[in-house]
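Chain naming follows the written order as A, B, C, D and E, and within any one chain the residues start at number 1.
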Amino acid sequence: MTAPTPRVGRGPSGNGTARVPWVLVLPALIGLLFLLLPLVGLLVRAPWATMGRRIVDPDVLTALWLSLSTSTAATLVSLVLGVPLAWSLARTEFPGRRLVRALVTVPLVIPPVVGGVALLLVLGRNGIVGQYLYSWFGLTLPFTPAAVVVAQVFVAMPFLVIGVEGALRGADRRYEEAAATLGAGRVTVFTRVTLPMILPGIGAGAVLCWARALGEFGATITFAGNFPGTTQTMPLAVYMAMQRDPEAAIVLSLVLLLVSLAVLATLRERWMSV
Amino acid sequence: MTAPTPRVGRGPSGNGTARVPWVLVLPALIGLLFLLLPLVGLLVRAPWATMGRRIVDPDVLTALWLSLSTSTAATLVSLVLGVPLAWSLARTEFPGRRLVRALVTVPLVIPPVVGGVALLLVLGRNGIVGQYLYSWFGLTLPFTPAAVVVAQVFVAMPFLVIGVEGALRGADRRYEEAAATLGAGRVTVFTRVTLPMILPGIGAGAVLCWARALGEFGATITFAGNFPGTTQTMPLAVYMAMQRDPEAAIVLSLVLLLVSLAVLATLRERWMSV
Amino acid sequence: SGDGGGERTENVELTVMAAASLTDVFTEIAESFEEEHPEVTVVLNFAGSGELAQQIASGAPADVFASADTTTMERVVEAGDLDADWAAEHGEEGLVFATNTLMIAVPPGNPAGVSSLHDLTSEDVSTAFCADEVPCGTATGIALEAAGLEVAPVTLEEDVRAVLTKVELGEVDAGLVYETDVISAGDRVKGIGFPEAKEALNEYPIGVLANSESPERAAAWVDFVTGQGAPIMREAGFGTP
Amino acid sequence: MAAREPRTPLDPAPTSDGGLDADLRLSRGTFTLDVRLTCPPGEVLALLGPNGAGKTSVLRALAGLTPLSDGHVFLAGEDLTTTAVEHRPVGVVFQDYLLLPHLSALDNVAFGPRCQGAGRTEARRLAMELLEQMGLAEYASARPRRLSGGQAQRVALARALAVRPGLLLLDEPMAALDIGTRATVRSRLRHLVEGFEGATVLVTHDPLDAMVMADRIAVIEDGRLVQEGSPAEVARRPRTSYVARLVGLNLFRGEASGTTVTLEGEDGRGPVRVEAGDGHRGPALVAFPPRAVALYRESSGGSPRNAWRLTVAGVERFGDQVRVLLEGGLSLAADITPAALAELALTRGSEVWAVVKASEVECYPD
Amino acid sequence: MAAREPRTPLDPAPTSDGGLDADLRLSRGTFTLDVRLTCPPGEVLALLGPNGAGKTSVLRALAGLTPLSDGHVFLAGEDLTTTAVEHRPVGVVFQDYLLLPHLSALDNVAFGPRCQGAGRTEARRLAMELLEQMGLAEYASARPRRLSGGQAQRVALARALAVRPGLLLLDEPMAALDIGTRATVRSRLRHLVEGFEGATVLVTHDPLDAMVMADRIAVIEDGRLVQEGSPAEVARRPRTSYVARLVGLNLFRGEASGTTVTLEGEDGRGPVRVEAGDGHRGPALVAFPPRAVALYRESSGGSPRNAWRLTVAGVERFGDQVRVLLEGGLSLAADITPAALAELALTRGSEVWAVVKASEVECYPD
């Protein structure tokens, strides 16, 4: 290469301020608008006059509390079981891994009501596993708050697993190697290196999982039933309200939304901005 | 530091082969079992004798095709709108970003049926936006396959956005800086550097989005209705079958499952193992 | 809950599984029942009839099942889930305690000017029906057949409530729903009766379940629904036998 | 030290036409940078300084990756101060290479030309040419992960050159190169730079690289410019102990009065006098090379006018030389032959006379 | 070249007790490695070689990060061949540091001791001590991202030392260090190594580092061992042109017959004769330092018996020396003073006589 003439100035040199990349911002705005417009519809339609009275209804508070506690429990269970599962899928080799990876998505694709039926078939009092739970321990899972958690875990855990697996595959494995040379076994590497490095991914997965559990309806009503105070979560309450008074359903939905937004706005920025 | 005596051998030195990290493998196995057991329940309960006959039912094939095409379309739309949205949330600063990040989760938390109502309120014939679509262009969205896609995008896009945002936050931004010094503008950096680097995350997000769209029921039936051949997707067909003949519902679910597993097992390994 | 017998004086729970369309009336009836039987707490579990049948088949701890249609009740009967003693006395297929008639529902102002079942056949009138698989869909089919009409709906909804929502929001010009729904919707829809509706009465059967831990109380609930409950049912728009 | 004169608005930026004129002020955490650099067109400025001095920060600021809190960047008379990174005519080799992991070596190099609008084939042809010149043709299709450290660094170098930058920024571009490649790359860079109209800023820890390649040397310490000048100047008259070590000189600070400089003695041993080759008055620096120091067991009454009795603090061998570190009043290094070492039988703690001819001692104002 | 003798099962691994004995065979893509290394306890083995020769691969194999396809690793008589990475008593400094990005510098250093079961306080105390010794106490709480290149490398060094390894593997541990720190770290490493009972393998590109720190030098090229020996041996009698460049010698391959060695001439100019200081017969290498080459415009009939008429191919200045590259029959480098250069008025293409005394020419079997 003979001495090149250097370029000075490149392209239609900007006057300085970075231009807004419309190719990216425009679809982003459309997407955001699309996700939020329906919310506006709900807000417009909500019966503001009677709102206050409806919200303080103790049944609503019970359902809300049940929803929050079960979906949080479901998220915790999903974290405990799902993160190791994601790790196994991303970091180990075993025969049939490809199939197992696809199988993890089963609960995503199965219509939730069918999922609920499937859970009944397995864990119900006459179910494949449930009959032994019953005859040996006198345990019946369905129609208890535990059943709500089970239904939510079944439906929501795949979101966590797939999200975390994606994060694991995107992570630079050489840091794990470096930790191993420092004497860290696989478990230590996992907890002290891998986990912290994929924290944003786990955060995203947990948010998805929690939100999905919070909104879960079909599997819950089928597997856990719809008993106020025991298994009637907010989405079930919304469904019941829908039966007689669509406006009440909107109010309940808005309550659910507000609470979850508050939780997410508080937690997420903290979790994910590592 | 005075000359240290070096350690030779560390811990209960292994005989060589890496031991299985049970702390990780055990929960992973439990998690997997939990996700798969219900499937086993369905398989046991399925009416194998009449299976063949039920599957070749042309109505089933129509619903299946509709499901696959709409959920694929919904995933594409979500990619086009959602990836830029995720980018905006992860890579730009604007006032209220924190709130917007939380707002993206709205469709996750709203019960799908209410989501469907919300869509009707906005895009229906008398909706906030829909009335103009109708009076200006003579367009009515509800009860068309397009409405199915809209409902699926609404419900499934947040999965993509949140997943991709997590991947973006986990990515090393210095590579983007390096590309900028080579003359790449923000859009080029995005398409040629950021996108390829977070491909596993986008793959995971797209899988979640597709699966969620494929399994979508509540918003679809509310916003798009349920008409065989036009808007009756598999989950709707399953629900209808459930009312009359739970065994038929199980068969349909298994069909849906098999097809989606085949799709995922083929695509995912390719997408995600970058 | 109690462990058999049901002879205890302390509080006993009575679990009633009822179709979602019975939400309002059963909630009201339960309050009256509890007043009369202070030792009993009625626990209501509302869901679609099909889902309830599934739960019963899986051994749900319930005492009474009230279905929105006879087909679903038949499934429960076939599975042997009805209390044999009670069935022998009150009917093998359960006891029909309410009926519901179809009505045309139109949005307020009736934009398409619908006045009869025949108007629904017009191309310019968009219509929502229940799907064949659910009870109101069956009834719709019978009514249309009786009227000798062929109607092309734009959607076949999963339940009557969904039809009502579409009418309320004006997404369709008319829908076939139950009289009870028109009443509960107040002035958000307008109901139009039609003669063929009588041909397509929808029947609500109720029965005591084999799983019941206190069949006597369950039977008492059934009696109460058919007795003192009848006026409440009628007020909501149900027919009572 | 290049004193900073605050510029008034009436006194516009003295743009060295075609060259670089940068006044960089910024802070990163607790670290603050305040450096004024100029580099005429076609010249190479070597940036030296201890770890953490701010060399990488300077390059980042020049590239536009770290925003200035104050100051300016002019290149060829054009004001780039607020120009976006991607519009700056700058090529950068990063300290940790930052090759795009999903692209082959070839596509990494072709990336810049592509961004500048070159066609795919054209960009690849150019990239291949550069890779060939770097001796990496056979690795064209390899992913960065499969490259060794030195290979990766050469690809990074090729990538920076591929954009034909008006300003080339090199952050230790030779640190990972083997000695053969290093000579090749060095001469290739020099060759390039000779006919190159732009400016080059080269960060290096290797004084040899700086001496061979640079037209000017700038030394920064702790975010401030401490010395600037031609390589010969810097090599002969270091101003800080870092620079002195860099160029391999013994350096002391003292008060000159004629050819005699009085140093404050170390270890509280009282002042030490040094006779220098040339005279001066006031605060001064004195410097002399280790090889100018002769060691004797006994004091000899010869011509050299500097003779100090010192203690051996350590002995290092390198190549065919031995370096003796001395302390006790003055800390200095002396290079002698292994034969001389054996003859003197020096070990840690031995006392020796260190003798330096006055003509070998440089004295210059502080 | 160290010929490989295949070992029979009857001939068990000759474990140098307490030291390292490794026979590494593996392939990574198209690259194959086949190297046998030993390092007695307490000694430092410097691994040199051009970019891509396989130095990093050797270290990875020793650390257990890249599995061997064949061979063994013994350390202090213990067979580590199949030991998992985390159970090998090995400390590694990686070429790109690989500091854990989510931990502070302190916690990075404390990581190893923690893994070995030290308490949190204990581990941190040790880590702080090491950081202090590296002159990085004030950066203890900084994340790696905020560290400069050199600071990061020193933290990496501290981290590797913190596990008190029986085998220390250093991949260019000084490449990013400034000259002052480099001397400190070098002497610290040497100090450590002096009382250290384990073995150290040091990859470096700096011949000075190798000469000062290493007890033995191993040179690999293209995955094979090409030379091994003490620094002095390697420096005096390089066996490949890479090593010759490394130690700064002119090296030629020829056929010896007594003190006369016949080289094949370059550029098809016919054989060239070289007179060496000592005699030998058969294939031989001859080497002499650039500073032993004197340049003259006219042939002089003096005592030196080697005089070749060559062409100037280039001139490089460095430090206070000038290196003249010559070609035409023989390619060699000559170091002269700037004064001599000016006197000779050499430029590219000038013809000169290069004269070397036979006593300066080493001759040894190939």
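The rule is simple: contacts are C-beta pairs under 8 Å (C-beta built on N, C-alpha and C of every residue); 3 or more make two chains touch, one makes a residue touch a chain.
On a predicted model such as this, the values are computed, not experimentally measured, just so you know.
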Taking contact as defined at the start, I'd like the list of chains shared as neighbours by subunit B and subunit E.
A, D
Given the contact rule stated at the top, which pair of chains has the most C-beta pairs in contact?
A-B
Rounded Å distance, subunit C centre to subunit D centre (Cα mean)
88
On a C-alpha centroid basis, what's the spacing between subunit A and subunit E, in Å?
54
Note: subunit D sits from subunit A at a C-alpha centroid distance in Å of 54
What is the distance in Å between the mean C-alpha positions of subunit A and subunit B?
11
Could you check subunit A for residues that touch two or more other chains and list them?
10-11, 18, 113, 117, 120-121, 127, 183, 185-186, 197, 239, 242, 246, 274
Residues of subunit C that touch two or more other chains: which are they?
51, 54, 165
What parts of subunit E, by residue number, touch at least two of the other chains?
84, 86-88, 116, 163
Which residues of subunit B touch subunit D in the complex?
174-175, 177-186, 188-189, 192-193, 196-197, 199, 274
Which residues of subunit D touch subunit E in the complex?
28-29, 49-53, 55-56, 95-96, 142, 146-151, 154, 171-172, 175-183, 187, 205, 207-208, 211-212, 235, 241-242, 245-248, 314, 316-320
Spell out the residues on subunit B that touch subunit A in their complex, using ranges where they run on.
10-11, 18, 21, 23-28, 30-32, 34-42, 44-45, 80-82, 84-85, 87-88, 98-115, 117-122, 127-129, 153-154, 157-159, 161-163, 165-167, 169-172, 183, 185-187, 190, 197-198, 200-201, 203-205, 207-208, 211-212, 214-215, 217-218, 234-235, 238-239, 242, 246, 249-250, 253, 256-257, 260-261, 264-265, 268-269, 272-274
Taking the touch rule as given, give the residues of subunit E at its contact with subunit A in the complex, in rising order.
63-65, 84-88, 90-92, 94, 98, 100-103, 111-112, 115-116, 159, 163
For the subunit A and subunit C complex, residues of the former touching the latter
113, 116-117, 120-121, 124-127, 140, 142-143, 221-222, 225-228, 239-240, 242-244, 246
